[in-house]
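Two complexes are shown next, each including chain A; its partner changes from chain B in the first to chain C in the second.
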Partner chain A sequence: MPSTNFVSVRVQNLVKSYASFRALSDVSLNIRAGEFVSILGPSGSGKTTLLQIIGGFVRPTSGHVFFGENDVTLLPPQKRDIGVVFQNYALFPHLTVAENIAFPLRARKVSMADCQKRVERALEIVELKGYGDRAISKLSGGQKQRVALARAIVFEPRLILMDEPLSALDKNLRETMQLELRNLHAQLGATIIYVTHDQREALTMSDRVAVMNAGRIVQIDTPRKLYTAPADHFVAGFVGESTLVPVKRSDPRHVSMGDIKLRTPRDVVDGELFIALQADSILLCDGSETESDSNYLEGKVRDVVFQGESLKVPVILPEGTEIGFRIPSHHYSNRTLPKPGETVRLKLHVEDTVVVARNPSAA
Partner chain B sequence: MNSWPRLLLWITTTIVLIFMVLPIVIVVIMSFSNSRFLTFPPPAVSLRWYEAYFGSPDWMDATWNSFLLAVIATVVTVPIGTAAAYAANISQSKMVRRLQLLLLTPVMVPVIILAAGIYMVYAQVGLVATKTGLVCAYAMMNLPYVFISVLAGLRSFDMNQEDVARSLGVNRFTAFMKVTLPQIRPSVITGALFAFIGALDETVVSLFIAGGENQTLPRRMFMSLRNEIDPTIASISSVLITISFALMIMSSLRGKRAHAV
Partner chain C sequence: MSDLPLEQQIASTPSMEEAIARAERAEQRMYLLLFAPALLLVLLFLGIPLAILAFQSFREGDSFTLMHYARIFQEPIYWRTYYDTLEISVIVTLLSVILGFPLAYAAAVASRRWSALILALVMLPFWTSVLVRTYAWLVVLQRRGIINTTLLNLGIIDQPLSLSHNFVAVLIGMLHVMLPFMVFPLYAAISKIPAELLQAGHSLGGSPAYVFRRVILPLSAPGIIAGSILVFILSLGFYLTPELLGGGKTIMVSSLVQRNVELYLQFGAASAVAMILLVTVCIIFWAVDRVLPVEKIVGMR
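Right, the complex of A and B next:
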């Protein structure tokens, strides 16, 4: 399928106010043609409102949306050429699979023969060949998802919008579909904007992730950068499985957490600071170990909780804060498993010692 | 153990059903009477009152007139009621929510008051005993039924579908016609049926504003009941009951078929 239709998207100073609250305040975003960008945020952060404005379903109070060089802010959805996939698929249950996929082609007065060919092609892409005559009610969740996808790409849209499209699927199917979506994205060269509250999904699939909070984009970066260099305490606390512990700057390269001094990978600017302790980057270590690129902590084990592929260990630090770390749950780690009440020594790589400042506008 | 409550339930259900059906059964039986008066039980069986009904140009005129008015009123009511329900369903404004209440007033205000009000207005503008006047009155009175029925259908309809349809390239009206309407059709049909039967059956308002050339069947029946008390009206009632039942059964069968697919 030719991918020439996909455009870049530019969102400029968008504001959306409702009577009693502000859903979006001054949101700007630049997305390259062919880029996969996720919008990640807790519910109520404005991510769906942003998607609806880009889709043309809602008009912004002020600001502009550009597709390529064209200002589409006031264009109704039917004139925008966008493929939309919603969480509940929103397939038309009174039409067959093929009729659903043909809907956008019919709306564009594509000839019958051409229409049929393109529907076949779209069904092939989503691996549902031969399903054209099925009723929607006879499909499984994953198949419905694929039909919705086929319907969104069959008319060669300029942009694909997805609003939590995988959240209704069970875990295994969701992970399969994530990889398929990634492949499809590469195959079509599509510009995709993907709204989700599931960070793993966002990190797996996206070229870049925009983290939203309280109607603003707090940070837009590659998945790795979100982890290693979160913009503020909100992003640091939202991404991964982290505990924020208040720290004080002692010199440009060191912060102190109670009596413990921790080295930081970059210079720290003074302010109200937190260290983001990711459960996955903290490791158990010997009492005698001293590596130059590690920071060491000590704490009292409160519990050891089996969680399937790993064990979660909540630890209380000397000054009273509870943090957590994970141990893989295979039998090798059973030999050295800490017991509740025991004091353990933990290490954290200097590069993983993420210190962030409090952002007063974020909750 | 549980037999007492069960028995009580059965008895109550039976009583309610008998109470619902008995008057209808009596009317239908009386319509086949050979007696000159409305008596029950009838002394002998005959079809003379059906002949009296179908043979009378007066009754036939009133019948056709009623059907014509009911059809036009339904055609007027259904799009308006559906549009109102659509607006009420998607609107978030408080004003619209209050207006919704206004749409329901025809079923909340006593009919006799409504009739008097309509008569006074119509007398001023010259709509008394006109088809236009009757159609408007029926449409107004039956709008709530269409509104409520369609709104119930829309409440359980996923409006995302319409958004998707629009993003796929059709305007809002086409999206409604091609995606929403086919799926809420049962509610629209139910609303239309209530509107039609309501208009066909309307008596009180018709007593005030029908008449002359624009006589309606229920009004004619009411007059006849007052003046003549012969079983013709029982035969007419039976015919009307049959038509109503037939329509209801047809629509419920349709609904069942749609479900089965």
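Right, the complex of A and C next:
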């Protein structure tokens, strides 16, 4: 479906207040045409409110929403040309698959013949050819998801909004659908805004991720940047599987965590600082090893927990903080597996030594 | 258990199966027991009286007769009355859908406080006797009633409108009594429609009217059907309001029954009139069920 309808989206100084509660405070966001942007945040961070305002279901208290050059802030949803994929699919239970997909076309008075052709094409794109006559209740979760997707793209919308569309699927199907959505995005050149609380989903699919907290966008960046250069302690704690440990700046390139001195990849500014220790970037190492680009830690193993593809090892540092690291669960690592109570030496690459400042406005 | 040789384990299976089957039968007997009082009630107070009624309609004195039925088929007044009864019941049903839908919809989408208020106002008449309400309508609708005097004083009309003791009066009175029976099933159906479906309908380009026609109306069909059945059946047998507000001009089947019993002491004739109404209703519902797949609509496939 070679569509040129997709537009850029600009959100400007959005504020949404309810009686005693500010759901959004001064949110601005620029999304290029054809970009896949995820909005990531814990529940209650305002991400769904933002989506609802972009979709036109909720009016902001103040601020603007632009599609391309057009200010759409006051347009009702039916005039916005947005394909929305809802969390529970929101398929019409009294219509068949084909009737569901034809709904936006019929609402736009597209001729029957054209309608049928486009429904067929949409079914092909989502790989549900021949399912047109099925009742919605006869579909599996993944198939419903595809129908919702077909319905959202069939009328060549200007923008696609997705509100946690994969949250109801089981893990394996979710991962397959993530990859399919990525392909679809590339194939359509669609501008997609994707709301999720699942960071892996956001990191897998997005060109950029906007992390929200308490009604604000804390950081909008590429997935890699979110990992390597989180804007504040909230992002550092939310992204990945990290433990935040308070540290003190000892000189521009070093921080101290208790007695341990750690080198940082960039200059740090003084303030209330944390180091974000990602479970995946910490490795076991020999007692004698000393590499110039590694920082070393020591700690006492509290437990070794089998979690399928990896083992999680909680370690208590000398000053009492508990951190965690992961060991792949194949048999090669069994030979050197630490035992509870043992003291281990750990290393962390200097580039992975992420030090962030506390953001007083974040919880 | 795994210490036993395999043959013995297999050998023990049939008795286990039997035990399971026994437990299942016991459970079913239990359900039947729980169900029995209701069954007994229906049988005793509905089944038996109906059977007596049917029996009576074929009796005159001590002998079997078809005369009661013959009379109904011969006298046009009976036909007229059946027709009027059906007509007024259909009109009341249709009007109560039209009047009840906006009410039910408002109650379903309004905030909790408004919704409670709307439903309370709909329910309020339930707490007053039908007799009192009907007399109240008589006061409102009569020649020198509130409506006529107001309209006369405002100079909108010169002659008082004849609002009581006619078809219109019966319609108004019956609608007032029936509306709650329509609003509640409708409210139940509409409030079950997920808000997301409406959002989806709008986001896909549907105007409010389009979303109403393609989403809200079909999804509230179970409520419309349930409410219509209730109102239609209650209307068919309605006695008090048509009798009082109709002023003897619009006679419903129920009035015929009453007259046969009270004026002429003709239990056989009254039974026959009632039986024919019952059969007519059964035929109507059978026909509707053939055309409209009610279970399908109510069960949502």
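Keep in mind that, in the parts below, the second predicted complex is superposed on the first by the 363 of 363 C-alpha atoms of A that agree within 3 Å, B and C clash if a C-alpha of one lies under 4 Å from a C-alpha of the other, contacts with A are read in each partner's own complex, and residues count from 1 in each chain.
To be clear about the criterion, a contact is a pair of C-beta atoms (placed from the backbone, for glycine too) under 8 Å apart; a residue touches a chain by one contact, two chains touch by 3 or more.
Please read these numbers as outputs of a predicted model, since none were measured by experiment.
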Query raised in the report: Putting chain B and chain C on the same copy of chain A, do they fit or clash?
Result: clash
Requested in this report: Applying the touch criterion given at the start, work out whether A:Leu348 contacts chain B, chain C, both or neither, answering first, second, both or neither.
Outcome: neither
Query raised in the report: Touching A:Phe155 in the superposition: chain B (first), chain C (second), both, neither?
Result: both
Query raised in the report: Which partner does A:Ile217 contact after superposing on A: first (chain B), second (chain C), both, neither?
Result: neither
Query raised in the report: Can A:Phe86 be said to touch chain B (first), chain C (second), both, or neither?
Result: both
Query - Contacts of A:Met257 with chain B and chain C, given as first, second, both or neither - result: neither
Query - Common interface positions of chain A, toward chain B and toward chain C - result: 55-57, 76-78, 80-84, 86, 88, 90-94, 103-104, 107-108, 135, 151, 155, 161
Query raised in the report: Once bound in the complex, which stretches of chain C touch chain A?
Result: 194, 196-197, 199-207, 210, 214-215, 218-219, 300-301
Report summary line: Listed in rising order, the residues of chain A that touch chain B in the complex are 55-57, 76-78, 80-84, 86, 88, 90-94, 103-104, 107-108, 135, 151, 155, 161
Report summary line: In the complex, chain A touches chain C at residues 55-57, 76-78, 80-84, 86-88, 90-94, 103-104, 106-108, 135, 137, 151-152, 155, 161
Report summary line: As the complex stands, chain B meets chain A at residues 158, 160-161, 163-172, 174, 179, 182-183, 261
